[in-house]
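A, B and C are the chain letters, set down in written order, and residue numbers restart from 1 in every chain.
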Amino acid sequence: MVSTGNMLILEKSTPQRPGGLKQRVVSTLLYCTGEMQQLHTHMQDKFFLLQLAEWCLRGISRVILLNNPLSGALILAALLLESPWQALLGMLGLLASTFTAIIMGQDCEEVSSGLHGFNGMLVALLMGVFSSAGDWYWWLLLPACLGGAATTFLSSSLESVLGRWDLPVSVFPFNTVILLFLACTGTSNPYFPNYPAQPPGAPESTNHTKLHVPQLLQGVVLGVGQIFACETLGPSLLILGAVFIFSPILAVYALLGSGISTVAGLSMSVQHSFLYSGLSGFNGALGCMVVGAFYILSWRTHLLSIANALLSAYTDIALSNLLAVLGLPASSWAATLTGTLMLLLTGENLKEYRIPTGKVTSPEQNLHSHKQWSAANTNATDV
Amino acid sequence: MVSTGNMLILEKSTPQRPGGLKQRVVSTLLYCTGEMQQLHTHMQDKFFLLQLAEWCLRGISRVILLNNPLSGALILAALLLESPWQALLGMLGLLASTFTAIIMGQDCEEVSSGLHGFNGMLVALLMGVFSSAGDWYWWLLLPACLGGAATTFLSSSLESVLGRWDLPVSVFPFNTVILLFLACTGTSNPYFPNYPAQPPGAPESTNHTKLHVPQLLQGVVLGVGQIFACETLGPSLLILGAVFIFSPILAVYALLGSGISTVAGLSMSVQHSFLYSGLSGFNGALGCMVVGAFYILSWRTHLLSIANALLSAYTDIALSNLLAVLGLPASSWAATLTGTLMLLLTGENLKEYRIPTGKVTSPEQNLHSHKQWSAANTNATDV
Amino acid sequence: MVSTGNMLILEKSTPQRPGGLKQRVVSTLLYCTGEMQQLHTHMQDKFFLLQLAEWCLRGISRVILLNNPLSGALILAALLLESPWQALLGMLGLLASTFTAIIMGQDCEEVSSGLHGFNGMLVALLMGVFSSAGDWYWWLLLPACLGGAATTFLSSSLESVLGRWDLPVSVFPFNTVILLFLACTGTSNPYFPNYPAQPPGAPESTNHTKLHVPQLLQGVVLGVGQIFACETLGPSLLILGAVFIFSPILAVYALLGSGISTVAGLSMSVQHSFLYSGLSGFNGALGCMVVGAFYILSWRTHLLSIANALLSAYTDIALSNLLAVLGLPASSWAATLTGTLMLLLTGENLKEYRIPTGKVTSPEQNLHSHKQWSAANTNATDV
């Protein structure tokens, strides 16, 4: 499929007719979408720092199932807009985990496609979000580095286990490490105090007030931003744009999943603040996107992605309620667990659409390759 | 072994001497016991609704490790006697999960033997049992359907994982989904409120009163009924009868396990109400039956089933105490976990008695096949 | 490697020059260190009780990753010095689990090297430590026996699962069974009451007092003793001596890990009593030793053992805080989990140093065999 992808890009970038501004714009746009394999090939003989920058940007985009340095750059811009301090922490975690992977001798291809960075980045970012010590509390750089490195150990180990079932490591390391960090420090630690997590289902007097529909709709968009803990509209839209660059289909799925998840939240009478801030939406968005990324698009898998968004949303409410008893957030456990389940399904009607983990690219590319492959197969059968 | 089973049934149903009422009664009785493979073969060219009814009845009996539509019908009668509303919910969950399995294209043989229905049925049934909104609260049909469908996703996924060790999916999906549902809704949800779970080990003033032995003995029988959340004697006896039809050995194991489990409860000074209602007994009953169903009967495996009943009973008390902190019940986690452990044992003295998961039928049939096989082997060695 | 080991021992014990007291002392010392395979071979035709004694002593030493009956005897002496009652319980659990393994027909080689005893011993020992009913409470012998037997079931089952990834069963059974026992009985059980576990991170007024450095250093040594729940200096030193006999390298790692773990505790402002008693140190000590035992010594693996000590220490604080909410101790979950993760690492730079689980002996022996093997390989390449 990689070779098919390259072929496709060659076709795209070959100027059929020389000249024409429109032509060039289209060609540049096409160059920037999808996996940007061409850039990856270009960079291989460049200066190490430039290469590292590409790996890191890909790593940032990996969090939300993308693999595109431009998307990574857009998300980084969104994070800087949201909070420069948290963005700094995230970058530090990203570097820490990437360097740990290099030192440990992890597979070079994996490192360069950002697979060993995104968990570290999320851990460090969320440490900043949950810290109640305020911004620019420099001691936090220490756990950010250690936490980032720890995710690489977990990724490396989980790979051996999950690989048996052709499952991706996904954000399991992030979820584990952030939970351990928050359980380790707690809310009253003298060095690293954190905010306690609130249960979504707590009875609230304000819940009797009428639902504010525009805020609810904004919450759906914020749900996409909440994957990176962004709670404002601007950064969330930037992140949505980053998804759109890699794959318009995934962008639609992100919004769809967030919407379904918000409806699920309504059905369980979750606190309004959770709905408005997008906290109810982000697990559904991720759950919907996982199916979109790992299955070839068809009506059946479309229904599956809706089912997984629902499952993910309800699981998130359940886990949040449970973990809140211990003062801990459920982060993206729900989407990670249900997403992993979806990739294990054995039903004949779904199994044939499942893309092997190593061959997953953007849904558009997957669809294209699948059609070519099907056509080739039909021809072969005809002959 | 299937062919052996069929052979056996053919032997049984072949009328050696024509006529005789007693003969016919015996022949009918033999027809109804065991797996009723003959009925299964008969049904294959019948109307779809009739087939579906057979699948569903088999599904009901699967909960308690049986595979017999008549047992399923008896259990359904018991449920209707206990509470028509809960029986309705259970049937809805059963249909929801069976249809989800059909849509997902799960293995036809598995669906028709009821393997994709029993988890959905239990989830929906327990939703009704835990709901504090009263009977005939129609909104509950919605989560019953969704929960039923969710169990099929889990079954399908867990199959890929557990299949590696030749383990059955068992009631893992039910236990997971019901726990998530109860954690999601909680006790004060405005739409779906539930009763909170009580810890079995809570100190109680009534514990100082003398133990009422007849009630305790009744609790042992109720332990079998509690597998389907039945708390009255009539339905429990019907369920015990359903087990007896499929396999008298399993019926003995169910009572034995429930008894051992009650003794374990006494040794931990569990609340008397738990002992009298059978809540202390049902995990032990299931634990004992699992070994009875998956191992060929012998003195060694008999001891193993007693050991597993004990292990299951104590694990249930521990898990119930832990989950009660979160207001959740331990349902049948204990029996499912310890039963799964028992199927993984590597000891030479036990391993040879383990029946491969796909070949499990009734203990009587297993024993018969094993004897035939041993005899054949001995002959082969003699020659 | 076993043959290499025997060869090595033969070389050692062959008296090159007859006579000489010093010679004899050295020869005896060499005989007692490492795995003492020679004794094992000698014992094979001896009286059963003598053999059983050797198995049990090896079992005791297995807790702390050793395999040497003399180390086991030293540790037993330490336990008797600490508390004769707890030592008795431990021995009972050891015998219960060893006999269960024999009855179940577990692999003879495994039983005789003590692999099926150490979990039972730890469970029974810790039951005594946590019991608030005082010493010589004879009823505790019952759960000690049952708990010991239960660990054998768990070991046997987990072996099938973990064996797929060439992982040792380690102390998973102990951790599971002791957690279930404590959750089952609780603090107010009329028959088996226990002390509640305290969270390490609880805010304490005494934490404002100045740190007492000599006590802190003593805590580092006590950390090694705490692996066997020893809280006094004498037994801890004896246990450290037992480790030294088997392998000086492991003894250094034990102290190093305990020290790192104590520093980690300081960085999280753990209660001073935890630091002084060694409770903060023992998971780090175990974590450090696991890497030392399962990886060939080199600078890379040395760094890995430090990293694992840190990871293990922080995980322990997190788990202790979480489980303390339920009144339960984290025992050695942290070291067991992180140690297992370390054995799964896929990085090229570390994987080559990993010793297959079945071939692990003392670090010195491993290093020796590796050098011989490397030399042989180099020669082969040269030719």
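Everything below uses one rule, namely that a contact is a pair of C-beta atoms (placed from the backbone, for glycine too) under 8 Å apart; a residue touches a chain by one contact, two chains touch by 3 or more.
Everything numeric here is computed off the predicted structure, so don't read it as measured data.
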item	value
Equivalent interface positions on subunit A and subunit C, same or different at half	different
Degree value of the rotation bringing subunit B onto subunit C, based on Cα positions, nearest 5	120
Between subunit A and subunit C, centroid-to-centroid distance (C-alpha), Å	40
For subunit B, residues contacting two or more additional chains	164, 325
Residue numbers on subunit C that touch subunit B, as the complex places them	101, 103-107, 146, 149-150, 153-154, 156-161, 164, 179-181, 183-186, 188-192, 325-326
In the complex, subunit C residues that touch subunit A	164-165, 201, 203, 267-269, 307, 310-311, 314-315, 317-319, 321-322, 325, 341-342, 344-351
